[in-house]
Each structure stands twice: as structure tokens, then as C-alpha cells.
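Two complexes, one shared chain (chain A), two partners (chain B, chain C).
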Partner chain A sequence: MERLMKIDRRIIYLLGAAIVFLTMLYPLGLPVAISDLARQTYNEVENLPDDAVVILSPMYDSGAMGELNPMFVAFFRHCAERGYKIIIVNTQWVQGPQIVHKFATEIAEEYGYVYGEDWINLGSKPGAAIFLQTAVKDFWEACIEDFNGQPVESYPIMQLVPKVTAEYVDACLVLNCGTPGAPEWLAYVCQPEGIKLIIGEIQMSVPESMPYVNSGQYAGMIAGSRGCAEYEQLIGHPGQALKAQDTMSAIALMVTLFIILGNIGYLATRKK
Partner chain B sequence: MNISTDPAIWTQAICILAVYTYLYKDNPIWRLAETVYLALATTYWFVFYFFTYIQPAIVDKAIGEGEWHYFLAVILGLMIFFRYIPSVAWLARYPMSFWVGYGTGYILSFEPAVWLTQITSTFLALNSLQNILIFIGVLSTLTYFFFTVAKENPVVGGVAEVGKWYIMIALGSAFGNTVLYRWNLFVARANTLLFDWLGVGQA
Partner chain C sequence: MRKEGPMIVTVLSSLVVLFSNYFFLGQQWGLTDRLDYWFNISYGIALALGFVNLTIIHWKYVQRRREGWVYSVILLLVMYGYLILGIVQKHTGPTFSWIYDNMMTVLGAAVFSLLAFLISSAAYRAFRIRTKEATILLVCAIFILLARAPIGDAIWSRWSYWGNEWFMGVLNTAGYRGILLGAYVGAFAVALRILLGLERAHLGGTGTQ
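So, the complex of A and B:
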């Protein structure tokens, strides 16, 4: 029994890696049921006005792109299908807009979206809360130039949004993995201005964000990779998250088994 | 299988493998990857901060447009380095106190609205099991952190014990999600190795 308490961590890593590679090469095709939260999030985006303007903020860097890139793709695709104007901008997370630019360009081409008219990437802006507060008063002054270094006011889409207020922006879709993140968008922009805030959250922080969903401060939330898989099904475009669910289910099973084994070992040795 | 010829993909793959060698044990390949990453990140952030903070404020605004008040912020910022001169180290407290005071004021002018909504959202009608569980959880967890009444009191101690269980369940949930999140990051890297680099399943 003592051996159960001393399983070499490298065996666990090796087994985990084998499970990941095998399930990716030979998917099981397990069904993914759609939760009420995913449906609520989908409906919140779906039911925005036809001429809606949304801010899509990739508040993350390469560390979280494994989980948040599929959410960005799902949100961007859903908004493009509905014909919304999409403004990509973040603060502090410098890599975010660079990481997503490729996906945004590809999906925009697919839907015939014209850069500067239907969507724009304003890049990452320094300042965190100060940037957000400035954006509420004067969005052009806060951003100055876009991802390509052109003045923001030269683009038709930016003429629609001189300020980030409920008058000009219908929703903020924030992909969150740390600070600054969705709570800052809530405190400095969305709650004071009455703009709908919908987020994509990494698996790790889902329990932390649920109280904001329950209180209605977040109108919706894609909850981790699993939530993204559900959202991908709802928009009818299965993507990376849905593909990963077989692997994640197998890994969850493996982790559970090791927890049970460890506890059996612990209880057995404690009695001695 | 169709192995990539893109140097960027090869760089990614080699770095991923080099970093994961640490899982076996500390080794020179891992340390090389770590050092390269740190060097790149430091350079990147230095350049980023120079062009997004220092150049616009000092070169463009203060010198270029003659807005000399920007130099006040520069002086305040440079004062932090007084901590390296023991005889005048106390001067380094001024920029820190300014920053803490400014930050506190800024947060207190915006954050309470968010917190108050969180508090009021726990004022629920006790007409469902979920609402009852939330009500018990809020009261018992607060009691657990209520240190001015001795836990030897059976009522306070009992309620605090319930609160402790709520906290343990919440932490367990957070830990479980963290474990799955880490594995999910590995799945994304495995995706790069298998499909982007080795081109498995591609003609």
C-alpha cells in the first residue's frame, strides 16, 4: 500500500502524455452535452441587434492561447455570422492582438468582412484601468492608432464608436486569463456604462467567475475548454475545443484514478 | 505524415520538447530553453515599455511638444532608485506612497459598485435548494473568518465548521479546474507537435 503513496511522478506524466497522444490520433467521439450556461451565453450574443458593434478583447498571451484561441475563434465567427461590427482591442496583454490577428483575418475573409469597415484590430494598449477609463471618455484618444499604425479615426468602423458607452457599443466580449481582465472591464467600463459583458474564461478561473454570472454582472461565460466545445456546437462550427474533449475526458479519468489510488494508500498507511 | 518545413514551427517544436525535458529532471537542454526565454522576454518587455511609455511621454510629449509637467512624473519615478543609496533611501518612499495613495483612491472610486452588486446578489429568496445553500454558505464562511468570538462557543464553532467545509469544497473545485487547465495547455502543445510539426494525418 505504501507504494501507492510513492508513485513516481514521471510515470504519471508519461501515462498522461500517452493518453493525450493516443486520444488525439484515435478520437473516441464522445458526445458533449450542452449546458444551460453555454446556451445562455450563445443566446446573449445571438440576440444582439443586427447592426451591433462589439468589442472583442483578447486579454491573454501565449501562456493561455491553448484554451482561449478556440474561444476567440468561436466568438469572432458567431459575430461575423450575425453581421456585427467587431473591434479587437486589449490592454497590457501585448501578445493577445498579435496572436489572434491571423485567425481574425482568415475568418473575416471567409465572411467577406472588410478591414476597417466591418472589423478592426486596434492592438494592445498600455495603461490597464487608465486605458479603459479613457476609452469611455474618448476611444480615439485612448487608442490613437490601429494594429498597422494608422490613425484610428481614418477607419469608417471607428466613426461608429467615438466612446465606449452603451450608446455606441452593444457588448464587450472579453477573453480572460488574469489581471487586468474581465473584472477590470466590468468595474471601469461595463458596469458604469451599462454595457453587456460576456466573457470567455480559462478552466482554472471558472469557479472564481461564477459568482459574477450568478449576479448577472457577466451576461454569459464560455467556461473553459469544455464550455467552448459546447459553444462550437451551438454555432455549428466544431473546432479545436470540441476535438480536445475526448482527450480531456480521458485525462480527467486518469487524474481521478490516481487521486483514488493515492487516497487508498493514504488511508491504509494511516491506520498502521 | 507530412513534416513541416516551416522554420517557425520547428523552433516551436524544439522549444516545446526542450521545456518538457524538465519533467524527467533538471538538465542543460531545459536550462538553455529557460535562459533563451528569459533573455527574449526581458528584451521584448524593455523595448515594449520604452516605445509605449518612455518615448511617448518623454521624447514626444515632454521634449517634442514642450509639456514639461511630464518631467515631474519622470523625477518621481527616478526617485525609486534612491533605495540603493542608504543615506537617502527614505526618499524612495515618496513615489511608492504616491502610487499606493493614487491606486487606492482610483480603486475605491470604481470597485465598490462591483462589490456591492456581489453582496446584494447573495440576498436571495429562500425558495430553492441552490438559494438556501448559497445563504448557508455565505453566513457560515463569514463566521469562519470571524475571529473576535471564540470558536469554543458551540454555536459559533459549529457554524464555522460548516464554513470550513464550504471553503474546502471551493478550493477543491478550484484545484480540480487548475489540474485540467494545465493538461489542456499540454493538449494544445501536443496539437502543435503532432499536427503542425509532424503533420500526422496529412497527405
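So, the complex of A and C:
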């Protein structure tokens, strides 16, 4: 029984790796039930005006891209399907716009979106709160140039948004994984200006964001990989998150079984 | 003056921000706009300072042939090489982007992915029902773990409802709001102590008076 408490960690790692590969090769196809939160988030995006302008902010780097890239794809695809104008910009997370540019370009081509007219990538801007506060007063001055180094005011889409206020922007979709992130968007842009804030959150930080969802400060939230799988089903485009759910299930089950085994060993040895 | 100087700057900056945000006249004068520019400039200077500091430290390591000095050489080569490449090509350049996409991004993702394995092993070792509190923690952890994956629903159809909607929406929100309120009251107290010059940790040394 004592052995159950001292299983070599390499066995756990090996088993984990094997489960990841096997479930990717042979998916179980477990159904993913759609939660009220995912439905609420979907409705918030779906019900924006037809000529809506949205800011899509990938506030993350490569560490979180496994979970947040599928959310970016889902949000971008949903907005493109609805015909919204999409502005990609973030602050401080230097890698974000670089990581998502490839996906954005592919989906934009699929929907016949023209760069500079229907969507734009403004890149990453320094300053965090300072950038956000400046964007509210003068978006062009805050950004200066886009991802390709061209002046922002030279693009037709940017003529629609001289300031990040409710008059020009309908919603901010923020993909969040740390600081600065959605709370900064809320404090400096969305709350003072009355702009709808919808977020995508990594699983680890979902507990932190739930109070904001319940208070209505976040109009919606894609909660982790599971939430993204639900959202992908709602927009009718199953993607990476949905594919990952079988692996998540198998790993969750494995960890649970190891915890139970460890405790059986612990209880048996304690009684002695 | 080494301590008094930064302290005077801190107090003055804080007063300007307070005045600008809480008084109509301050907002009209647009004092924070000017401070925002200064912040951005000092951010850039701090970055350059870090760059120079890193160079000096690792150059010393190389000169003295300290243990692991080869890594310092690699760091300096990569840091300056990538900087020069970025200046020549800009961040949209093909080689610059290729290195970024195929090294930085992939390495970052790989390091983060390793956490999944570490957490699996750590959960197995840490979750023991030693006390009543530990047992509650363990039960909650397993409940949420299975609720966040479709396997929970496969076991019991209401699992994700109770885990994601009730546990997270009611229990977690109530607890987290308490923590947040406490944290913000604490942050306010620290800000006040800094403003009054009682908290000196940011000036270096041991801190409080």
C-alpha cells in the first residue's frame, strides 16, 4: 500500500504524454454541454448592431496561446460572419498581435475582408493604462502606426474610430491572461465610456473573473478551453478547443485517479 | 539626499495625480496628460537601462570566466543579434518574424505546457486527506476538475451545471469578492503610507519607518 503513495513522477509524466497522444489520435467524441455563460457571451456578440466596430485585443503571449488562440479565432470568425469591423490592438503583451496576425489574415481572406477597410492589426503598444487612457482621448495619437508601420489615419477603418468611446466602438473583446488585461480595459476604457466588455479568459483565471461577470461588468466571458469549445459549437465552427476536450477529459480523469490512489495508500499506512 | 530626492518626487507625483483626478481644475489643466508622456518616456529609459545593465553584468561574467559563462556569451549574442536584425528589418521582416514565430513562440508555449505535467504530479503528492480542511479542498478540487472537462457530464449529467454555474458563480464569487475587497483596502493603505512617506521599500533598503 505504501507504494501507492510513492509512484514515481516519471510514470505520471509518461502516462500523461501517452494519454495526450492517444486521445489526439483516437478522439472519444464526448459531447460538450453548452453552459448559460457561453450562450450569454454568444448572444452579446451576436446582438451587436450590423455595422458594429469591435476592438479585439489579444492580451497574451505564447504561454497562453494554446488556450487563447482558439478563442481569438472564434471571436474573429463570429465578428466576420456578422460583418463587424474589427480592430486588433493590445498593450504591453508584445507577442499577442504577432501571434494572431496569421489567423486573422486567413479568416479575413475566407470572408473577403479587406485589410484597412474591414479589419486592421494595430500591433502592440507600450504604456498599459496610459495607452488605454490616451486611446479614449485620441485613438490615432495613441496608436500612431499599424502592424505594418503605416500611419493609422491612412486607413478607412480608422476614420471610423478617432476615439475609443461608445460613440465609435460597440464592444471590446479582450483575451486575458494576466496584467495588464481585462480589468485595465474595464477601469480605463469600458466602464468610464460605457462600452460593452466581453472577455476570453484562461481557465486558471476564471475564478478571478467570475465576480465581474456576475456583476455585469463583463457582459460575457469565454471561460477557458471548455468555454471556447462551447462557443465554437454555438458559432457552428468546431475548432481546436473542441478537439482538445477529449484530451482534457482523459487528463482530468487520470489526475483524479492518481489523487484517489495516493489517498488510499495514505489512509492504509496511517491506520498501521 | 539619495532617499529624500526620490521620496519628494514620489509625493509630488502622487499629489499631482490626485489633484488631476479628483479636482475639476486639475482635469481642466490636463496635468495627467503631461505625466502620461513622462511615464512613457521613463518606461523607454528603464528598458534601455535594463539592456545596459544586463550587458555589464554578463560581460563581467565572461571576463571572469565564472561558472556558466558560456550562457552569458549566448545571451549577449542573441540579445544584440536580434536587436540589430530588428533595427535592420523591422518587426515585420521575414527573418525576424521567422525566428520569433519558430523559436520564441514555440519555446514559450512549450515551457507553459510543461506545467500541465508538473501540476499532475504535484496534485498527486499534495492532495492528502490529512485534515478536515484538506479533505474539503480535495473534494472541491476534484469536483471542479471534472466539471471543467466533458467527462464530468459523462459521469453525471448535472456535473458541469453544479461545478461551473453554482460552485463558480456562487461560492467562488462570494469568496473572491471578499478577497478582492480586502486586497483593495490593503492597496489603499499602502498607497497612503507611500504618500505620507511612511513606506520606503520602493526607495531601497528595509522599508517601513
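Please note the rule applied: the second predicted complex is superposed on the first by the 271 of 272 C-alpha atoms of A that agree within 3 Å, B and C clash if a C-alpha of one lies under 4 Å from a C-alpha of the other, contacts with A are read in each partner's own complex, and residues count from 1 in each chain.
Here, a residue touches a chain if its C-beta (ideal position, glycine included) is under 8 Å from a C-beta of that chain, and two chains touch if they have at least 3 such contacts.
What you see is a predicted model, and the numbers here were worked out from it, not measured in a lab.
Student: Could you say whether A:21 touches chain B, chain C, both of them, or neither, answering first, second, both or neither?
Tutor: Only chain B; A:21 stays clear of chain C.
Student: With the two structures laid over each other on chain A, which partner does A:166 touch: chain B (first), chain C (second), both, or neither?
Tutor: Neither partner.
Student: Applying the touch criterion given at the start, work out whether A:251 contacts chain B, chain C, both or neither, answering first, second, both or neither.
Tutor: In the superposed model, A:251 contacts both chain B and chain C.
Student: For A:37 in the superposed arrangement: first (chain B), second (chain C), both or neither?
Tutor: In the superposed model, A:37 contacts chain C only, not chain B.
Student: Looking at the overlay, what does A:214 touch: chain B (first), chain C (second), both, or neither?
Tutor: Both: A:214 reaches chain B and chain C.
Student: Check whether A:65 is in contact with chain B, with chain C, with both or with neither, and answer first, second, both or neither.
Tutor: Touch partners of A:65: chain B and chain C.
Student: Could you look at A:262 and tell me whether it touches chain B, chain C, both or neither (first, second, both, neither)?
Tutor: second
Student: After superposing on the shared chain, does chain C or chain B touch more chain A residues?
Tutor: C
Student: Would you sort A:224 into first (chain B), second (chain C), both or neither based on which partner it touches?
Tutor: After superposition on chain A, A:224 lies in contact with both partners, chain B and chain C.
Student: Of the partners chain B and chain C, which touch A:4 in the superposed model: first, second, both, neither?
Tutor: neither
Student: In the superposed view, which residues of chain A touch chain B and also chain C?
Tutor: Of chain A, residues 9, 13, 16-17, 63-66, 126, 203, 206-208, 211, 214, 224, 248, 251-252, 255 contact chain B in one complex and chain C in the other.
Student: Using the touch rule from the top, collect the residues of chain A that touch chain C in their complex.
Tutor: On the chain A side, the touching residues are 7, 9, 12-13, 16-17, 30-33, 35-37, 61-66, 95, 98-99, 123, 126-127, 130, 133-134, 137, 147-149, 203, 206-208, 210-211, 214, 223-224, 226, 245-246, 248-256, 258-259, 261-263, 266-267.
Student: Would you pull the chain A residues touching chain B in the complex into a rising list?
Tutor: 9-10, 13, 16-17, 20-21, 24-25, 63-67, 69, 94, 126, 129, 183, 186-188, 191-192, 202-208, 211-212, 214-217, 224-225, 240, 244, 247-248, 251-252, 255
Student: Under the stated contact criterion, what part of chain B meets chain A in this complex?
Tutor: Per the stated touch rule, the residues are 23-24, 48, 52-53, 106, 110-111, 113-114, 117-118, 120-121, 170, 173-174, 177-181, 183-191, 194, 200-201.
Student: Residue numbers of chain C touching chain A in their complex, please.
Tutor: So the residues of chain C in touch with chain A come to 32-33, 36, 39-40, 43-44, 90-92, 97, 100-101, 104-109, 111-113, 116-117, 119-121, 123-125, 127-130, 138, 141-142, 145-146, 148-154, 157, 160-161, 164-165, 168-169, 172-173, 176-177, 180.
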